[in-house]
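Which chain is which? They are A, B, C, D, E, F, G and H, in the order written, and residues in each are numbered from 1.
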Amino acid sequence: MRRERVRALLEDVAAGRASIDQALAHLDAAPVEDLGFANIDHHRALRAGYPEVVFGEGKTVEQTVIICERLTAQGDGFLVTRSSEAQRIALAAKFPAVSLNALARTARLAGSATPASSVVKKALIVTAGTSDLPVSEEAVETLLALGLGVARLTDVGVAGIHRILAQHDALRDAAVVIVVAGMDGALPSVVGGLVRVPVIAVPTSVGYGASFEGLSALLAMLNSCAAGVTVCNIDNGFGAAMAAARILNAP
Amino acid sequence: MRRERVRALLEDVAAGRASIDQALAHLDAAPVEDLGFANIDHHRALRAGYPEVVFGEGKTVEQTVIICERLTAQGDGFLVTRSSEAQRIALAAKFPAVSLNALARTARLAGSATPASSVVKKALIVTAGTSDLPVSEEAVETLLALGLGVARLTDVGVAGIHRILAQHDALRDAAVVIVVAGMDGALPSVVGGLVRVPVIAVPTSVGYGASFEGLSALLAMLNSCAAGVTVCNIDNGFGAAMAAARILNAP
Amino acid sequence: MRRERVRALLEDVAAGRASIDQALAHLDAAPVEDLGFANIDHHRALRAGYPEVVFGEGKTVEQTVIICERLTAQGDGFLVTRSSEAQRIALAAKFPAVSLNALARTARLAGSATPASSVVKKALIVTAGTSDLPVSEEAVETLLALGLGVARLTDVGVAGIHRILAQHDALRDAAVVIVVAGMDGALPSVVGGLVRVPVIAVPTSVGYGASFEGLSALLAMLNSCAAGVTVCNIDNGFGAAMAAARILNAP
Amino acid sequence: MRRERVRALLEDVAAGRASIDQALAHLDAAPVEDLGFANIDHHRALRAGYPEVVFGEGKTVEQTVIICERLTAQGDGFLVTRSSEAQRIALAAKFPAVSLNALARTARLAGSATPASSVVKKALIVTAGTSDLPVSEEAVETLLALGLGVARLTDVGVAGIHRILAQHDALRDAAVVIVVAGMDGALPSVVGGLVRVPVIAVPTSVGYGASFEGLSALLAMLNSCAAGVTVCNIDNGFGAAMAAARILNAP
Amino acid sequence: MRRERVRALLEDVAAGRASIDQALAHLDAAPVEDLGFANIDHHRALRAGYPEVVFGEGKTVEQTVIICERLTAQGDGFLVTRSSEAQRIALAAKFPAVSLNALARTARLAGSATPASSVVKKALIVTAGTSDLPVSEEAVETLLALGLGVARLTDVGVAGIHRILAQHDALRDAAVVIVVAGMDGALPSVVGGLVRVPVIAVPTSVGYGASFEGLSALLAMLNSCAAGVTVCNIDNGFGAAMAAARILNAP
Amino acid sequence: MRRERVRALLEDVAAGRASIDQALAHLDAAPVEDLGFANIDHHRALRAGYPEVVFGEGKTVEQTVIICERLTAQGDGFLVTRSSEAQRIALAAKFPAVSLNALARTARLAGSATPASSVVKKALIVTAGTSDLPVSEEAVETLLALGLGVARLTDVGVAGIHRILAQHDALRDAAVVIVVAGMDGALPSVVGGLVRVPVIAVPTSVGYGASFEGLSALLAMLNSCAAGVTVCNIDNGFGAAMAAARILNAP
Amino acid sequence: MRRERVRALLEDVAAGRASIDQALAHLDAAPVEDLGFANIDHHRALRAGYPEVVFGEGKTVEQTVIICERLTAQGDGFLVTRSSEAQRIALAAKFPAVSLNALARTARLAGSATPASSVVKKALIVTAGTSDLPVSEEAVETLLALGLGVARLTDVGVAGIHRILAQHDALRDAAVVIVVAGMDGALPSVVGGLVRVPVIAVPTSVGYGASFEGLSALLAMLNSCAAGVTVCNIDNGFGAAMAAARILNAP
Amino acid sequence: MRRERVRALLEDVAAGRASIDQALAHLDAAPVEDLGFANIDHHRALRAGYPEVVFGEGKTVEQTVIICERLTAQGDGFLVTRSSEAQRIALAAKFPAVSLNALARTARLAGSATPASSVVKKALIVTAGTSDLPVSEEAVETLLALGLGVARLTDVGVAGIHRILAQHDALRDAAVVIVVAGMDGALPSVVGGLVRVPVIAVPTSVGYGASFEGLSALLAMLNSCAAGVTVCNIDNGFGAAMAAARILNAP
């Protein structure tokens, strides 16, 4: 609840329009709907700039559908990430307009208030190899769900350094760059040296044995020799997109 | 060397103003000064938006002073991070105008082109505990070296959650927030839920045994339950400031 | 065997009511029933305050049923944790009164001596997200098996800090708080700053890649900046409940 | 600020005894003293049941002394943990009544409101080996600072199992047991099987190479086969004592 | 090839009974049969005291059967460890006299020279919990394959310390003790303090999350506070038995 | 694009045979075919000495076949590593001449320019145990795809040290040795002491629990006491072969 | 206290020679001398076959001397391991007959009952490199303190495999072999394949970066491809000697 | 001892020029000089192509000097790596012609047979940053000790990708490339894509916290996306040079 709301409440109490117990009740109340297995935060869009996103893993098909129903009942759209195929099928049956992306494992529905995708400020998603696409596609879907602009560069890893160097136009046009890479996690360091805008690195769990499910790429990115590169969790395309949204949504 | 420069070079060749071998020589040349032990990149300010920053560790006092002399000889200022006391003393003897910060372990000298610190868009540095100050001060010094606006909140860790909640004005005024915390690394998750702007988390090596020199805070921050928080290397106040600069310098 | 029993035995020997060899036999005997594949400790309730709990993993269906039969043959109830569906089906067929909880993976049967659930001193189970429910439900089932009072708060993670702050009544009424969280493991630090009673943190294996199956949350909790928070093994709702029982059962 | 205080404030507003802006100012104010390098939380004793404890590491001698002066200026005593010898010497010069414990690395001063040490409910500190004493002494000092009862068992590791078995009287008299051990971390499992009261395990960084600075003992304790044992951070005698205090202070 | 054999060879050369090239050929030859996918070492029994044991994992059913056929063709028996069910079925079809142990995942056939199991010097296999039985049974099968004496103690973990203390007769009769335990790995430390004979600790991958597939037990055992306990690889019941055999077979 | 090509381009511009914009277009163009999901680098053979190798994991059957079609359309052959059985079946249907190796998980097709396998300079693949064969076979297939000479030594681990010592002829004939071993990773140290040529060590994920999926062997090999042994990623037979090719292809 | 002693006590009670309270007192008493900072176990020699060994690290000079005085007051000798130079100087001043070994960091004094060193059954200490000598010398000193026979092989690492192969006489004469190695930890695998007697591997913290203070050698040894090799803690020469003593002292 | 030597020995025996016992003695003898604390392998140059290199760490000044004296007594030169300043001073006093390199921590003396440095085939040492120079200088010194050709590129990390791209001449002239880098370890991937010759990557312990003393760079290099890059131990410039020597010395 925002500060202006507290001031109004105190004015009501001062004017006798509200009793003390009513005011206490309001201060206690939270804009949260309790479903038993989850608390839906309907004020998140007001407060944080985007509606609640549903993390599909560890939720049953039924729980997933119910949460999405409550979100749409409030006029919000939804984005479900890390969804199973069963969850996506159930959502498609309930919401015919939903966009499914099997590679990204997402289901996305626009809300009444979702803005059309921007063409002015774009996030550029740079992907090192084909095997990293599930993660970069999750980032793409999340940005689309937020109504933000997206461009892509794919399969431009540093072992063939000319591939990324050839893309100066795409790099120059980006307002923020998300770099998705597994194995040696080297690409963000090169990109970070080529652009002045924010660079968000996403390690992926792609690679042979000593990639240790993305740990190697994660550590390399945290140690990027290009100053000012920041890092998300392994395979967390969603988180990278949310970080990009925080940057793109700045006034 | 930027693309415009290549076009001009080609025009010279076409017009006969430059021979092919001269053009090749230019294409070969890099705007880099070779000191034997280091290559100074004098074009970095043009290309990346900030001059080269000197990492003090592993360099001798002599190497450090020579690099700073070459930078100032080009009209640049300098920032030395992770400097030893001996390095700082030598720099102060050579450059009387230098700003030393023993806590942050930095030496900073404004260049002729360093802009005055902005008052419009500020980075807010939020520090969990007193022991984290060396890292947050390194971030502050770096932002000042880049001519960017800075504000501070200190000792507002989550075990006394009212401390950060009481600071809504400071949080509301920030264009980007850097959160510096050791131990459980929990503060960025709370801050990330309170603000809509970018949040950059910096784990510190502060804590008892199982903090494992900052690993625990690092992992917690990578797993932040607040969406869109990104993470820097352990104790890397410099890197966090550079990431903030990428955001604040956006057109 | 308790000290009073030893004194009684010595008195019998002194009075000639028992021979030396009889006494030695008693001192050798342990209140343990050997099933070949397991030793059931029938005196545990006397000694430790609760009957033996059966860890389902790595036991066959047959072994599980036999152990439960021997426990009920002694008048004890039982609790089976980490049970497979097959184990639960077999137990339900043998013990129609058993309570099955698929989410918690438990099977529970009250013994003749299980006390009714207390309403005076309650353990409060605080869960960060919906995905953490299997672990918190295991804690709930264990507390119920021990006849202790339980209350729940669900989906109150720190990214929406107002959710836990709104629950001061529930927090105030708890005699001990179990906090179940994955990802950044930040919730116990906030709760530990809000209550004076014991706080037991349980990390869960919920999260993206760098959660490393709960390691990140575990480390964060061990480094909690709220003093006096203690930690259980990853996903160990059972252990947390047993720790709470040690506290609630204090005279 | 507690809920009763909010109610009183609202009554003042309703009665016209306070203006809305005055009320807002009170709601904004936090009971925290800002020293520039630290925020002292003077209400912690009211809220959490004990005054703020000063973590000495990473603080200068001057910062440490100033914080202690401000605490005593409010009538509180203080406890400084992980203090350096220089810090302790400075504190002794300023506060002649301070108790220094070089082994525990603590400085302790009773406040006007520190209760006398209880003789009714005692925490028992069980230490596996002589090398673990710095950690267990830190726990002892912390409990004394809180006015709680303490007993000790020293050098009773499991390799000579009769040593702990011989101490049934001490074990029986404890309201809570803190078990401090390095190396194999096995002692809490044995103690946890011998007592019904809460057992708090503290791993220490004592041992040969593969103890990995306490990691081995930590992991062993988290995996204790005695149900309901909880664990603190490595070498964190302070934290274990605070956890014990939460238990002993229960109504 | 043993030294006596070399001497005989040299005598043959000196006496003209063998040519230099024949001698070289003998020195080159190794007592190994090359199957393409494996080299069977038929002299191992002579040299090392036991025939080659077949590690089933990563071998096809066909490879497994062929190796066993070649071993029996030389009059040796065989032991296959870590066998799949398919491997065991195929071996039983080929060798009707084979002993299969599904829990231990072994197939064992006595050779013509396998000694009858000793009753004089026995290895005692002590197992902490029922879930550890697959590992301890692998040790048992291996000892039986070598014709050595075996005794068992099962489900005697340290949380009920009286269980192992009650077994002094079994402990006293052992010439070597193998202790198999997961979770906290505490049992070898207690056993090591109770007996004077060699103690071989085997960590198992049994336990909740932070057991990290046996790493916790492994580290605890390496740090055993009982002097002179040695450790095998995780779940390596075979290796422990081989170490026991080296001890029991001493002249 | 190689330097000679740039010189030719500049000569064209100087002579008026090419406009500036044409030259810029050529400098921008990269010899890469964009398939949407992948960029195929058709110039790799010219630049790096071998055609692009297709990493099968994480690619669909369709993507795999399309990439191979485009490669063969350019006259190249192909090698697919880490292929699934479905991928191999689809490739065999499309390319009847393909060589499939289920153990190595490869599909290989000679290109028009693939040289016949050399008999002069050979890479020797030394394998410690039968379970390591999938990795060493991947190396073999890769070397054959590159037209290089190969020899094999199998099942010559150090526990029977005479097995490798007996193979001095094979060792002497090798121009480079690839040593594939899991478990203790000891074999490269022995081989490195026996030969003067380059030794490339490949750890495999073969072994009991504390092999940690090849980490133990990897660390041992990095710490080889034989000077000048270098190491590849775990299970990376392909990478080892590529490293050998760099050596064998030297002029 | 041994079982015979309990029988005697019961006979005294039965005969009226001891009261029940006297018997209880005896059963309570432990053969341990409490020094406040340590419990000395004077019966260890009877029970475990060797007197208590003093671990010097973490003990003050004074504590070390006092413990040694109490041990010699009982007629025992002593062995202090991991001693500081200050501790050794103090011990030499107090006990002129003490043997100091600076390389092994030990101080050793024979007790009245220490047997003369055996010449029949010897432990062979095999050391890979000169840098490993501190660890192997600790093992040697410990064996001498126990009156056991010792032989040494030094600097016989596997990179020069002929060095260990040349020592068949020494290997043949050993009743047990302790192998001390850092770096790749490969030597125990080779030795384990050459001898039939027990092999105890001791990893050392010797090596470059990725030796991780002995972790690499430790893991390699746990994964030894020679069956029946067991492992001690890193740098734990003492523990290896104690394990050897358990074997050599067998009847 | 080489095979030819064995043949000659057998011929002597056959011809009666040597008795059997003399032959046995020769077969027993190893070309190793035993100094008590070390075995010097005087035949290494014959067998492995280079004389024994002395690892300074963990050796006393006296041991170091003695080993060097014995090596020079045989006509060999020496190279001491990881030497302390004291070791270097002592060596300079004894051997006035020695070359000391404080940055590389080496002492080097040419032997009578050391070849002059080649100008035909050169190893190129590429260093990412100034802080990596101690490691790359160790590689340089080792190559010089072996009489091999060396070239250097310094401070060419990937964050300024044009720096390495500008060096095509140096890259083209190299017969083997050693790439030394800390932090993100990205440089070998770029270099590996630019050259066809062997690339040996050396991670250094340079970087902020999460570089974990070089672990991050090590893992990145093992996961290099440029095929055929091999890796040495952290900070192991010596090992990389030895690997390069194996390549350069190929016939």
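What we mean here is this: contacts are C-beta pairs under 8 Å (C-beta built on N, C-alpha and C of every residue); 3 or more make two chains touch, one makes a residue touch a chain.
The model shown is predicted, which means the values in this text are computed figures rather than measured ones.
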Labels of chains that are neighbours to chain B and to chain D: A, C
Taking each chain's C-alpha mean as its centre, the one farthest from chain D: F
Centroid-based (C-alpha) most distant chain relative to chain C: H
Distance from chain H to chain E - Cα centre to Cα centre, in angstrom: 41
Chain D and chain G, separation of their C-alpha mean positions in angstrom: 38
Centre-to-centre distance between chain E and chain D (centres being mean Cα positions), rounded to whole Å: 49
Centre-of-Cα separation between chain F and chain C, whole angstrom: 53
Shared-contact residues (touching 2 or more other chains) in chain A: 129, 160, 193, 207-208, 210-211, 215, 218, 222-223, 227, 233-234, 239
Chains that touch, pairwise: A-B, A-C, A-D, A-F, A-H, B-C, B-D, B-F, B-H, C-D, C-E, C-G, D-E, D-G, E-F, E-G, E-H, F-G, F-H, G-H
In the complex, chain F residues that touch chain E: 129-131, 133-134, 154-156, 160, 162-163, 166, 206-211
Complex contact set, residues of chain E against chain F: 1, 28-30, 32, 36-39, 41, 44, 55, 57-59, 63, 203, 205, 213-215, 218, 233-236, 239
For the chain G and chain F complex, residues of the former touching the latter: 128-129, 157-161, 165, 182-186, 189-190, 192-194, 207-208, 210-212, 215-217, 219-227
Partner chain D, residues of chain A touching it in the complex: 6-7, 10-11, 13-14, 16, 20, 23-24, 27
List of chain B residues in touch with chain A within their complex: 3, 47-49, 53, 168, 175, 193, 196-200, 218, 222-223, 227-234, 238-247, 249-250
